[in-house]
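Heads up, the thing below is written out as structure tokens.
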Amino acid sequence: MKKLRELSVDETFEAFVLLKTADVRVARNGKKFIAFTFQDNSGTIDGKYWGASDEDIATFTTGNVVLLNGKRELYQNMPQVKIMHLRLAKEGEPTDPSLYMEKAPIDIDEMKQEFNDYLLDITQAKWHRIVRHILSKYQKEFFEYPAAKRNHHAFAGGLAFHTLTMLRLAKSVSQEYTELNPSLLYAGVMLHDLGKVHELSGPVATEYTLAGNLLGHIVMVDEEITKACIELNISELDEEVLVLKHVVLAHHGLLEYGSPVRPKIMEAEILHHLDNLDASMQMMLGSLKQVNPGEYTERIFGLDNRNFYLPNI
Amino acid sequence: MKKLRELSVDETFEAFVLLKTADVRVARNGKKFIAFTFQDNSGTIDGKYWGASDEDIATFTTGNVVLLNGKRELYQNMPQVKIMHLRLAKEGEPTDPSLYMEKAPIDIDEMKQEFNDYLLDITQAKWHRIVRHILSKYQKEFFEYPAAKRNHHAFAGGLAFHTLTMLRLAKSVSQEYTELNPSLLYAGVMLHDLGKVHELSGPVATEYTLAGNLLGHIVMVDEEITKACIELNISELDEEVLVLKHVVLAHHGLLEYGSPVRPKIMEAEILHHLDNLDASMQMMLGSLKQVNPGEYTERIFGLDNRNFYLPNI
Amino acid sequence: MKKLRELSVDETFEAFVLLKTADVRVARNGKKFIAFTFQDNSGTIDGKYWGASDEDIATFTTGNVVLLNGKRELYQNMPQVKIMHLRLAKEGEPTDPSLYMEKAPIDIDEMKQEFNDYLLDITQAKWHRIVRHILSKYQKEFFEYPAAKRNHHAFAGGLAFHTLTMLRLAKSVSQEYTELNPSLLYAGVMLHDLGKVHELSGPVATEYTLAGNLLGHIVMVDEEITKACIELNISELDEEVLVLKHVVLAHHGLLEYGSPVRPKIMEAEILHHLDNLDASMQMMLGSLKQVNPGEYTERIFGLDNRNFYLPNI
Amino acid sequence: MKKLRELSVDETFEAFVLLKTADVRVARNGKKFIAFTFQDNSGTIDGKYWGASDEDIATFTTGNVVLLNGKRELYQNMPQVKIMHLRLAKEGEPTDPSLYMEKAPIDIDEMKQEFNDYLLDITQAKWHRIVRHILSKYQKEFFEYPAAKRNHHAFAGGLAFHTLTMLRLAKSVSQEYTELNPSLLYAGVMLHDLGKVHELSGPVATEYTLAGNLLGHIVMVDEEITKACIELNISELDEEVLVLKHVVLAHHGLLEYGSPVRPKIMEAEILHHLDNLDASMQMMLGSLKQVNPGEYTERIFGLDNRNFYLPNI
Amino acid sequence: MKKLRELSVDETFEAFVLLKTADVRVARNGKKFIAFTFQDNSGTIDGKYWGASDEDIATFTTGNVVLLNGKRELYQNMPQVKIMHLRLAKEGEPTDPSLYMEKAPIDIDEMKQEFNDYLLDITQAKWHRIVRHILSKYQKEFFEYPAAKRNHHAFAGGLAFHTLTMLRLAKSVSQEYTELNPSLLYAGVMLHDLGKVHELSGPVATEYTLAGNLLGHIVMVDEEITKACIELNISELDEEVLVLKHVVLAHHGLLEYGSPVRPKIMEAEILHHLDNLDASMQMMLGSLKQVNPGEYTERIFGLDNRNFYLPNI
Amino acid sequence: MKKLRELSVDETFEAFVLLKTADVRVARNGKKFIAFTFQDNSGTIDGKYWGASDEDIATFTTGNVVLLNGKRELYQNMPQVKIMHLRLAKEGEPTDPSLYMEKAPIDIDEMKQEFNDYLLDITQAKWHRIVRHILSKYQKEFFEYPAAKRNHHAFAGGLAFHTLTMLRLAKSVSQEYTELNPSLLYAGVMLHDLGKVHELSGPVATEYTLAGNLLGHIVMVDEEITKACIELNISELDEEVLVLKHVVLAHHGLLEYGSPVRPKIMEAEILHHLDNLDASMQMMLGSLKQVNPGEYTERIFGLDNRNFYLPNI
């Protein structure tokens, strides 16, 4: 079976796909139809299911895996599927939604191992205990969640993958500038986005939670450090705690980007730079892999709406 | 004895005053002098003490009350004192520094009483318990601290006075717009600036603390609510808690002003407006009371550097 | 008969409604249709009238009341009416357009009475005469006009209602800050938006006038004060006149918002704060009353495109 | 006698000069001195008069002409005069202050003649009458006032000279773009800065008036048009009047620069461009004439703090 | 034959027109259609060609001239053509695309003559040689290219016409301000936008080139001056060369608009003003000629999204 | 001999120092003095030389090495030297100015070696040839110049050191993101600031050159690539050349920071991030090494005027 991204225009195909979204609407003729987004791990494509019965509507809902017979077409320059037949996947067929979702390029177990190594490199005792405590409390979510609803690292495992990439960059940078404290940098990197396990609803059909909207992930990880201190009997007034909280609170760099304080410590400033660098890189890669050499990407919202060019070299 | 603000140019005087600052410097001739700022509860004035001995330097330090004989002069259009004689105040003389500092225009006990009344008007049980718990923990500091290092409400008791004024405004506004929840508004007002008891060093020679610089008062009051929930056995996930935290976190209104989230709840938006209004009012009053009708104030930093005119009417 | 906002999806109904807009267009098949917006005092709903004859087009024009038989549907997630039958309302039926338009929550006569009381509280003679003179000249329009084409107070009587709310807030604030001059504040509030009787075309199908586009309401009320001075034989150079004009000219607070000067007098600054507060409050209420507890509003353009949450408490 | 700008360092000289400012201060030794700014029509220079007696202070006041014996020196890289002798100019000597002030490069009578020619070119009757009416009312001030307190055209006659230069540019531009209405452009140019006769205190020791601070010159010329309409019995509602007012109100181009409306008519946009061009040109010339080829000017506040280079060509 | 802009609604017509764009799409019924934009020298109009065969698609491509029989209609308030018949223009019929494109209002030969006159007025030898060298290298493109892909001067010959208009304005301004160096101003004007012959793809179906996107026209004309110096054996270090390059590099005035340096020389500042003035004028004229007196234009993107009013005078 | 930074207050000392600046001024008493800034490789200190004779002024000029006997004092909280004796260094004493200037922390020969290694890693032929050609042309200046007049890397060899640090970071980042083209990244890094050899006057008493002010270093390196192409017979139109120029032109990231284009290629975006990171790091280190743990630095202009805290950990 071909993947969705591999189909050419006017090609007919059969494929197991995940129903990523399934919105019921009314057509001009008064009849209902379902506007689907189908997904496999190569990408997504839209398609309309005309004249949907009430039973169809009850059957084909978000999160189900279906067997789709269709034809890839272009509608107003956008690819879409003309649906020819559709049924739910049966037992014995590949019905696990996670098979159809984009994943981090590294295996979870490998990532866990590498995290452990970095954790051991946090040699300052209080930071080590706090980070270990919080990570173990949210281990499951941390390795499953995306890093965002859309834009960069918006895939299952994206949160851990983004954090891991930053740990590796932090290591290179610490080696280049020996004045930096690697323990503080690693501890800050590990925690900086962890509040997203509260801010986002999970790896599938990711939405912002109420807490995410009202508090934001930056404040929520600060609260986690506060609670960890109580649970570990570490004084919140210790300078080590203030400094770790600061590095995490300041990581968006500018107040306009949601940090309540700007970096006032060298490691906070650097963590912000690395976060920016990895996010930019990931957004560029996400768009550039959809074009051929000599072409421009679409405009990327998170990069000030710039489009990028893939050189022909 | 005349107050400092009552003196005319070239008038000689004798007065007990507080040494607000006392900086030792070297003159062009190589001798040391002390640059004083003298303070009584009518205002402040600068004066230089030429040819200071090491003993003088050890004696006349910040926070002491002295008996000053001097003459008020103008130097480059700014008032200053020509110091004729200076000695420490003795026992039996008015040596309590707080006698010379600006104070809130209402007595502390009256303020406490009025606070209690508003606390009783918080009828939602969780908010009532959380606010009562935190206020009683920091009651002493709350009624002593200024609301800022400079600018608005920068006087002893200023924090409580600012909060009380906002409670009264909140009451009027709740009566005008009945859709507002007065319990939420009062709870938010009471807590909104309470983090300043951690952010500022205290009522005398007020400075920002390390925690103030690294975390800021907005995050610190959020942490206090987190701790109160633990101590009171209230779930942090309750919508009442999220909403209360949000109202407090969002009170600066804009991310650029240090709130990590913008108001997304009606009462958060209104609290921000009332905070702005009282701060503007207090800054204008502070400057306007130093000029006569028909004159302009100096430019006020916190009001976009505007100067204000006192009409001749 | 049910109101438009009370209908459920797929419900058929009959109702008298106002034709708020009636745009004639050509369908893909070359035939004409009319795109209606129907309105009653609970809200509005769109509906298309297919295959309209020239007679239909001449009959069903903006501002007429019709009897509508239809079915409420959803089209691309937006409510619309499937029109089953339509005829003009006849004599004896409720044909007065004002029955179908949103209104200020207070009766006009009550508002007039309350305005008179505030007018008596303007004790400074020149301000009193000027305000009374202008208000009586435009009394009819002042109590009929909306305060805006859309956004806040965009309903018949909205201008007077917005002004009245601000007078009440001004009264509370004057009582809290006794340094404010209530006469000046009331006079400024009463006149601040009065130029809108020139800027807007009226309560129905409100548009900006040419004068509104080329001069704006702020300048036009300044001109009204100039003319009032001539007619009342008050010197334009009197400080009372300059100060009143300033309070009115500066009420948008920032040059970017169209005030030619920024507030330089205490009452001008406060009037700006109260104007902001009431506009924000009205925009939030307008959106929040369309959602249920636990839901978010749509994004509100006039509030920096934020959406708001209605707590579940 | 040499002019002030012609003196070299360490040169002694005798010259009649105007006392532009004369501020009394107290020196470190407790004695009074006067800080003078001397002016002739080539420029200004500062000098301190040490040990001033009360009689000196009463004699040497702003606006008097004096005979100064002094020596030009450098103090902290700024030129200053060491005063050797000073006395008031006597009868028979050149005591008229206007002899010492910078002037427009064209004679007033020539300017008046050229204005009349342009006035005749305003062929639209209402604009012609309004402009003639206002200009004749303020003719004296219009030809005496500067166009600003500092920055561009800050010299006696500067207002008329700036207006005249813009009329000439307007003529060239109208000839290049025949779609422009020269009558409207000339009428707008003639009135655009006329409000400065109210905004500024006059040609000597120019300050902002209270009306200037509270209303600004843009609003005040709009009021003048309103009054002219009443006096000339022209309806304020005529489109010709609205359009003329608009061109004047919009001439600062951006709300941030104090126009209450942005240009919405071609001639308003062009008037704004020409105003900008002449102001920039005048500021550059003012600074460049103080440097030699191959040198940079000081930074010019009104041009975003840029400095300019005079090429060596 | 009528021009496209002269047709009234529902009028049938026959006309030779250029296929400006021809996009193939799939309709809801699965059949292909072509979305055309037709153009003649009065303007453009869209039209859909339903049920296009593969032969139609191969025949009716961008850049061809066709004979169109159609009916002008309104679809959603926008004019469109209902296509009744379509065929390619034959030999002997007016098949030259340039007949259907908008042109500069002056004949190319006249423009060339006027350019030569201005070139002779560049009396500084190095500037004269450099400008002559570059202009003769790109003479053909310079007189054919538009000045932009859209917005101002987006027509064949627009680049030369824009440059010529600026030369005329530069002459007037140099006469008004005799301190300006007309040679430098003319040389700067002639070169300022010449890099557009590299930045844009040409007069038909204008797009940005890769070099245009990656380097921009400002840098490319600087490179041309560098190369001209090498070819003419003029030292790049000569102040005349630096100054000429600066005037060209700085002509966008602000860094935000793409100039790598802000104007630091009088002529650079003035060139920027004139460029702005002509661009604004051209954008306003382009929009205003599409409306009648008493109407507003559409919003103009390049003028901060303002709309303009054409007075009824 | 002690270094300047090692002296305590009131300590007398003798030291060879470089005269970094020597400005002649006139004191209030009319006598001349010289305001010196003395420098050794630990830092700088100011001192005034009162009553300077014309011979002193001719002797003690910028760039000379002197033997200074003095006493370190505090004047208005800033350290200064009271000069007790001063003479020029004689032959046989350490008179080489470079001994007293701050230097890059790596030896020049080591840097050259490392550069060569990176040059070999540019495997794309055209980029390799262009970079080698330009570097060899400016080799001497490249390894001597600072990277800025002040702020980051403002020391001899700073330009090469900054470039080398970025090469190392570029290597780490290329290894982490294998989609990046290391040849392009290295070529871009090597050239990105090379224009500073034209923009700055040299390692001693560094000033901006006229070319630096009028063109800027970004444009000048683009010109160097243009010339290199001519000299190496590489077509300027090759995509490899366009792409290399783009990476260099875009390295300031934002138009507001002086890049004429924003990054549109992945390697351009990353080069900008690395440049930012190293500049921030260098500015922080420069300030932090002047404070003790537990202290704040002064505000750093290039980092938005933030001050930084050195943790006590």
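Going in written order, the chains are labelled A, B, C, D, E and F, and every chain counts its residues from 1.
Simple rule for what comes next: a residue touches a chain if its C-beta (ideal position, glycine included) is under 8 Å from a C-beta of that chain, and two chains touch if they have at least 3 such contacts.
Note that the structure is a prediction, hence the values are computed from the model and not measured.
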Worksheet item: Looking at the contacts, which chains touch chain B and chain E alike?
Response: A, C, D, F
Item to complete: Would you kindly state whether over half or under half of the residue numbers at the chain C/chain E interface are used by both copies, giving same or different?
Response: different
Fill in: Inter-centroid spacing, chain C versus chain A (mean Cα positions, whole Å)
44
Practice prompt. Round to the nearest whole Å and give the separation of the Cα centres of chain C and chain F.
Written response: 61
Worksheet, complete the sentence: Residue numbers in chain A touching two or more further chains are 210, 213-214, 239, 243, 264-265, 309
Practice prompt. Any two chains that touch count here, so list every such pair.
Written response: A-B, A-C, A-E, A-F, B-C, B-D, B-F, C-D, C-E, D-E, D-F, E-F
Item to complete: Sort out for me which residues of chain B touch chain C in the complex.
Response: 124, 165, 168-169, 172-173, 176-177, 179, 181, 184, 239-240, 243, 262-266, 269-270, 273, 276-277, 280-281, 284-285, 288, 303-304, 306-309, 311-313
Worksheet item: Hey, which residues of chain D end up touching chain F in the complex?
Response: 73-77, 82, 296, 309
Worksheet item: Across the complex, what residues on chain A touch chain C?
Response: 23, 25-26, 30, 210, 213-214
Item to complete: Would you tell me which residues of chain C are touching chain D in their complex?
Response: 210-211, 213-216, 218-219, 222-223, 226-227, 230, 236-237, 239, 242-243, 245-246, 249, 255-261, 264-265
